[in-house]
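Letters A, B and C name the chains as they come in the text, with residue numbers starting at 1 for each one.
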Amino acid sequence: MNDHRLFTTLDLAGTFAFAISGAVAARDRGLDWFGVVAIAFTVACGGGVLRDLCIGAVPPAGLTDWRYLAVAMAAALMTIAANTLVVRLAHPVILFDAIGLGLFAVTGAQKAMIFGHNAEVAVLLGIVTAVGGGLVRDVLLNRVPVILQREIYASAALVGASFEVVGERLGWLSSGRTWVALAACFALRYLSLRYKWNLPRSSGRGGSGAD
Amino acid sequence: MNDHRLFTTLDLAGTFAFAISGAVAARDRGLDWFGVVAIAFTVACGGGVLRDLCIGAVPPAGLTDWRYLAVAMAAALMTIAANTLVVRLAHPVILFDAIGLGLFAVTGAQKAMIFGHNAEVAVLLGIVTAVGGGLVRDVLLNRVPVILQREIYASAALVGASFEVVGERLGWLSSGRTWVALAACFALRYLSLRYKWNLPRSSGRGGSGAD
Amino acid sequence: MNDHRLFTTLDLAGTFAFAISGAVAARDRGLDWFGVVAIAFTVACGGGVLRDLCIGAVPPAGLTDWRYLAVAMAAALMTIAANTLVVRLAHPVILFDAIGLGLFAVTGAQKAMIFGHNAEVAVLLGIVTAVGGGLVRDVLLNRVPVILQREIYASAALVGASFEVVGERLGWLSSGRTWVALAACFALRYLSLRYKWNLPRSSGRGGSGAD
């Protein structure tokens, strides 16, 4: 399997994991079937759509490529119809979610650079690609986005996207730097989950996230 | 009255119904006058703005055509000043809301095809045009969008947009297929309201929509 | 100091004030450091990003100019590390927030006109530039945007943007009209805060903003 094919496979696996996270959250919130499919698709493609709007790549790739919609619908239907299977898949889903996070951060940054934008735009849009779908999910489900409250999630995307962009500017080999960037984001996310690393909160008034 | 003029009239009537739904929700939430006008305008034009951003039709039509703003302001002022009238108009407003849903779904899909995009994009953006404004309203008013929770609303838009797109691909006559697509969406929405049809929910943990 | 340099200085001061308001709200909500920086940057640049997407100026200026990101990060770090300083700065921050409101409304309207759009688009996008970041902040922090509920905020932006656009159409001198538009918006906002002016609410069912 060459790099390109492996990338596409991982990309769809990451999309599937993102869609599962959306579908499960939507189902737990009591949405109907259409809502479950809509939120699954939103998590899977929302970040890429925001990135494409910001770089002027219209219509956004998430809307034109039927495979993303098909993968999101499969994830939604599986969540609706086969709950025990989804529960049993919880660990692989977390794994693929972390892979998806890295892939979306790195490929998001790449696409911004391919469109000729500067390093800051590339890093910012890499993060947006990786976490935008989850942000929109939480906004639609009416809760403060969990990735802004705790967990090393967006910060792992920042590391992955920065690595890719800095590597590109330093002229590192494309394939090698992409794998390293992906691995850095994945490792940071996965280890933070395993060992419950969190970013510190500032000593504000609140802290409950539900004032 | 020829087809074009009838379309324009129905479009503005649908816009008015959408704006009323926004203004009433904003008033019930205790917003000030500016907030009521802003939410009315958002519901009336938000879906079209999202569609136009996704197909690169900038600036979005909802912002350039003064008639949409005028209709939204009229709806907002009527809601603020003449509550009894709005209550008495409840039934026609539901009727025109269903017409607006069908029109926005069909014309949204048409515009995406006119801009040269594929069938998937056209159907998705037809739905976005029809329900995007209501989604943004609910996000701004801090509640889970009702259309994702129950009611045949987005699914009726899906039927209307799909009909238009499939009909276009099969080469059906433009005017005829548009009327059929509109009627299908309208009938599905209106009958579902009348007979309280709902999409099933999946057997998740929640269901209250307020966990 | 010539007009251009003064403008840039005021623009960055306004950005700083906007970012402080975002960082303080995020900290009070218990977000982690990344969340505080993200919300500060969102408030500072979100309105401009929405405007640029609507006029097709991609990538949005807020993402390409490192100074906005630097100012937002400085505001976030100061909020996290030096709370007493931020408390002591409360009054200047309100002052610069009002200046930022006027500047963003006026420059937002100008940019839309420079891109060739009509007066309605210019006024609407002037308002969006001025208040869009605060709207997105409140949506992400899961509350009904305060600017839609009370306070003369968006309406002050409306006055500033309208003044700029009408003045441009009437052929007033560019520099003079901009200062007058800015002063009108600033004065309206500042006086409304000082004397607790509010827009009326309509006599709806609600009013608590927390039904």
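The definition used in the following text is that a contact is a pair of C-beta atoms (placed from the backbone, for glycine too) under 8 Å apart; a residue touches a chain by one contact, two chains touch by 3 or more.
Model, not experiment: these values are computed from the prediction.
The two sequence copies subunit B and subunit C touch through a face in which the numbers common to both fall below half of the numbers used overall. Its C-alpha atoms fitted onto subunit B, subunit A is found rotated by 120°, rounded in steps of 5. Centre-to-centre separation between subunit B and subunit C, using Cα means, comes to 29 Å. Taken residue by residue, subunit A touches two or more other chains at 53, 56, 139, 142, whereas all remaining positions touch fewer. On subunit A, the positions that touch subunit C within their shared complex are 53-56, 112, 117-118, 120-121, 124-125, 135, 139, 142-145, 147-150, 154-155, 158, 198-209, 211. By the touch criterion given at the top, residues 26-36, 38-39, 49, 53, 56, 58-60, 63-64, 66, 69, 79-80, 83, 139-142 of subunit B touch subunit C in their complex.
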